[in-house]
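Both of the next two complexes hold subunit A, though its partner changes from subunit B to subunit C.
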Partner chain A sequence: MAVEALGVGAVVSNRPRPDGRWVWVLPPLLLIAVLVVYPLVLVAVESAPAWGEVIASTEFRSALLRTVQIAVSSTAGCLVVGTFLAVVISFVPFPGARIVAGLVDTMLALPSFLVALSFTFIYGSTGILRAGGFLTSPWAVVLAEVTFYTPFVMRPLLAAMSRLPRAQLDVAASLGAGPWRVLRQVVLPEVRPALLAGGSLTLLLTLNEFGIVLFLGAKGTTTLPMLVHTKGIVMFDYPGACVIAVVQIALSLGLYAVLRMALGGRRARLD
Partner chain B sequence: MTVQLQDVTVHFGRTCALEGLDLSVAAGETVALLGPSGSGKSTALKAVAGFVRPSRGRVRLAGNDVTDLPPAKRGIGVVVQQYALFPHLRVADNVAFGLKAARKPRAEVAERVGEMLEMVGMTAYARRFPRELSGGQQQRVAIARALAIRPPVLLLDEPLAALDAQLRADMLGELQKLRREVPDIAIVYVTHDQSEALALADRIAVMRDARLVDVAPAAELYAAPPSAFTASFLGGANLLPVEPVEGGVKVAGHVVPGLQAAPGESLLCIRPHAIRLEADAVPGGGGAAGRAGVGGEVLGVQWRGAFNQVTCSVDGLAGVTVRVDVPADRRVPEVGADVSLVLPVEACSLVLADGC
Partner chain C sequence: MLVWTKPGKAIVWLAFAVVFGLLVVAPFVVVIAAAFAGSWNGVLPSDPTADHLRQALSGDELASLSVSLQTAFLGGLLAVVFGSWGALSAADTRFKRLADAMHHLPIAVPSVVVGLGLLVAFSRQPLLLNGTKWIVVIAHLVLMVAFSYGTVSAALERIDPSYAEVAASLGASPARVLWRVRLPMLLPAIASAAGLSVALSMGEVGATIMVYPASWRTLPVSIFALTDRGQAFVAAAEAVVLLATTVVLVLILDRLRGRAAER
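The block that comes next holds the complex of A and B.
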């Protein structure tokens, strides 16, 4: 649902609103101001004295780098795996394709730390594979995030692929294009908006991921959300935690803006 | 023979969409597949193109068995009802798609694309996206895209169905013109519109319930339909039950002389424009004797511009209504009037009753 909302939002915002409608915008705006903006402002105010110190610390810089690194790798992994699986489910006829598509929806409903928990049973020091070192490396976090967030890429892709007219694929084949060419030149360009929507949602979610990192990477891997937790809850360095929180928010909002521009820009060109 | 279908049968799960189709199309020939919705026309086309795999039978192209070849290896041009242009590609790139797939040199692609766009009159639109085109323009691009690869066979699946009446008439003229520009291509043209079939096809293949009913040159099929279904589907002929009698056949008590019924032929077929209506001298009918034709009563009159479409009941044939087209310059009988339906023997033919 959230994935579709991204795309839909882009469409709706392009439409000119008739005058007088703005009255209806006020109550939700007020609600957002009270529930979201006010606490954020408090966080920003609280953070004021600690900026110089936190920004200069290597701890912060490496966490920022780690966060972006993990989010980008996970998103790339989700895009590759998700695209592959969506193509297989949509175009390779095999028994049970429907069930697999249903499982994808079920995955979306699970909490992320469950995946992390289950990973400790497989890779943990007492787990089946007994690869303890792997579990605390950033790659374990990436693997877990790819596992958990791939359905977020697949969901919009599957929807877009099911809307692709069969006739277009048939005609492409009749013009001499093999399956690989049809995939690259017809299917992927046409599902690009879905790919972008799913990918950017995943990027946002992985940037802010906390549960998986907490369960898997507590020692070796420190990301910004982890740092907020450590500073604020464990070390009682509240202003420091607030600085990182503000950076985290700026990162998310900035990325969201870029993504909206990318999607919106593309729409504007299309229409 | 460029295209040859032999006993081609297609099943979708348990439904049989095409049953034992035998059909061949020669180079330079246009064959129309005509039939009501769901009769298997598109399925036949898909079997030729390779989009569906027949459960039985063979498909041959220029003598080679292609039944097991994928569509990409057949080199057939296909135009479908909704055109299926690639929305993310400009017109020129749509037309170039097949040429690029064949890895033709850049210069050759550009030249051929220019040639094709010129042929369909779309040169000025080369840089547009499909959504920026009207239905008729999209259709021209779809045809250019299909013909760009110089296919020996062109398959058209209801190419005019999505257009409005005026545009359909215009495009019909353009298709006729196009036909003359690619004289050696074998064309299979699927339609449920008999006027398109009559205008474009050398031969018409009439389909019904997944089967081929009749196939013959268009004029022949229209003039002397071999089956009742073809008679009514192609040109909306009237069908009246007859009994053979000495020297002719008897229709509702009236003898039409000079028609010889072969065994099984029990329906008289006559086109709506061939029947002449005469007002009865004696209102209420004066018996069959002395009448010029079959007695009947006018049930309804619809003005259609160039003619009035009159529906009549037939005395002695309950449940049968006859359609008569009366030219606009002739007097039209009142609804409820008793009339004689004159059936000129030269316009009558006899067909098998095949359950319709």
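The block that comes next holds the complex of A and C.
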């Protein structure tokens, strides 16, 4: 801050430095190239002989469909639940709301399979609810993913809502708008970028989710990441696993690129 | 602010408690309760016992805890070093976009695919690592480096660059600027990257299950093996061990971060 007072703050900032310091960026990039890029290229090469066979199999097609179905349902669920919880914490605060928000932050770092493990006790054949067939249905995966990924939607929402001036809500209410109208016309338009960011991240993560599906272990709910594991580790069919991996990479990276473009453009406009 | 009447608020809070309690909190409470239950055949667990926990802290399961801790520290430490290095060296250069994209790759791709890639690449010459613990450490390093890079990069964007520039204009060498100005200012971010890396590494399952050798089985893999054999209660106890260890580690790193922020 003292530096800014001297007036030298904005003179030289954020412009690419002309000197040779960029060579320092090579070792970390080399590390990623050897440990990530090279293996992924090999996966693509290895997959070559198995494409026709895998693409034609019903196993692959149903897994692809199931993966997208589960990811889209889970993301929709997370958006609904996450928005509700974030709105209550931000705008109908109760004693302890801050602690709850902190809890949400902590949950982001916990492993997802814990949720699946708990479902064994809640919905299992001898558990609390004894909901027999539910545990082996795709809906168990969706419910587990909604549980685990809701905090990922809540976090950007809570941040955006804390920046929203309270006076705006009060003015809208004093002019006679009911809670629904305030929510729809004042709050939601303001937090839409955060909703979009949280939702797209959740969609990416649910497409890639493995731990929950593995632990629930339902025969009927094979997703693409699960199929990569089954083919690669259980059946030792490396080329087959590689084909599915390439499809999954295309799906994830394609989505990621689209989202980054959409979000990047929006951020530029906001700035 | 949004709901003004007392009954209205009560209804909203009740709905919040039900949704948050059942959906978000219940799973974690259930796992902890199951860890200490002898049996669970009704609404509530019964026959409280510490046997499962004792089992989870002996023999093979204890070895898994040690394996997980070593992997998290080794992989996490290397990830923080390389992630911070990458973020610092790429900032303000024309390689920034390339570095961003390359570091995002391991997060955007499913962890199972990262594991498969390592398996395919390191089961052959020139780097034959399959069957050793190093392939597990590398898998963790690769996944956590992405998070470390992201955390430190974000912090760098918030930090006022003029401090480093003033130091340089006063004649400090680049190494001195890095060591005495830029790194100390980044220390809180680096500590929180370390906390995140360790926590995520302790719970990593997707890449690990693809590459682990029998001699290097991490906690989550052990927990899965237990549930697969139908020993759900011991699995729950071991999950509690995992949770407790992670929380303790993160709290320690969080205190370090607090101390770094004070300076």
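Before moving on, here are some points about what is shown:
One rule holds for everything that comes next: the second predicted complex is superposed on the first by the 232 of 271 C-alpha atoms of A that agree within 3 Å, B and C clash if a C-alpha of one lies under 4 Å from a C-alpha of the other, contacts with A are read in each partner's own complex, and residues count from 1 in each chain.
Just so we're on the same page, a contact is a pair of C-beta atoms (placed from the backbone, for glycine too) under 8 Å apart; a residue touches a chain by one contact, two chains touch by 3 or more.
Keep in mind that this is a model prediction, so the values were computed, not measured.
Using the contact criterion defined above for the overlaid structures, shared-chain residue A:Arg181 touches subunit B, although it does not reach subunit C. Of the two partner chains placed by the overlay, neither subunit B nor subunit C lies in contact with A:Leu65.
In the superposition on chain A, A:Ser118 makes contact with subunit C only, not with subunit B. After overlaying the two complexes on the shared chain, residue contacts for A:Leu30 are found with neither subunit B nor subunit C. Once the two complexes are laid over each other on the shared chain, residue contacts for A:Met235 go to neither subunit B nor subunit C. In the superposition on chain A, the chain among subunit B and subunit C reaching more residues of subunit A is C. Shared-chain residue A:Val43: touches subunit C; no touch with subunit B. When the shared chain is aligned, subunit B comes close enough to touch A:Val171, but subunit C does not. By the document's definition of touching, neither partner reaches A:Ala56: not subunit B, not subunit C.
In the superposition on chain A, the residues of subunit A contacted by subunit B and by subunit C overlap at 170, 173.
Every residue of subunit C that touches subunit A in the complex is listed here, in rising order: 1-4, 8-9, 12-13, 15-16, 19-20, 23-28, 30-31, 33-34, 40-43, 82-83, 85-86, 89-90, 92-95, 98-99, 102-106, 108-114, 116-122, 138, 141-142, 145, 160-163, 165-166, 169, 174, 195-196, 199-200, 202-206, 209-210, 220, 223-224, 227-228, 232, 235-236, 239, 242-243, 246, 250.
Touching subunit C in their complex are the following residues of subunit A: 3-4, 6, 8-9, 11-17, 21-22, 24-25, 27-29, 31-33, 35-40, 42-43, 46, 81, 84-85, 87-88, 91-94, 100, 103-104, 107, 109-115, 117-122, 124, 126-128, 144, 146-147, 150-151, 166, 169-170, 173, 179, 182-183, 187, 204, 207-208, 210-211, 214-215, 217, 224-225, 228-229, 232-233, 238, 241-242, 245, 248-249, 252-253, 256.
Put simply, subunit A touches subunit B in their complex at residues 165, 167-168, 170-178, 181, 185-186, 189-190, 192, 270.
Contact residues on subunit B toward subunit A in their complex (touch as defined above): 46, 49-51, 70-78, 80-82, 84, 86-88, 97-98, 101-102, 131, 145-146, 149.
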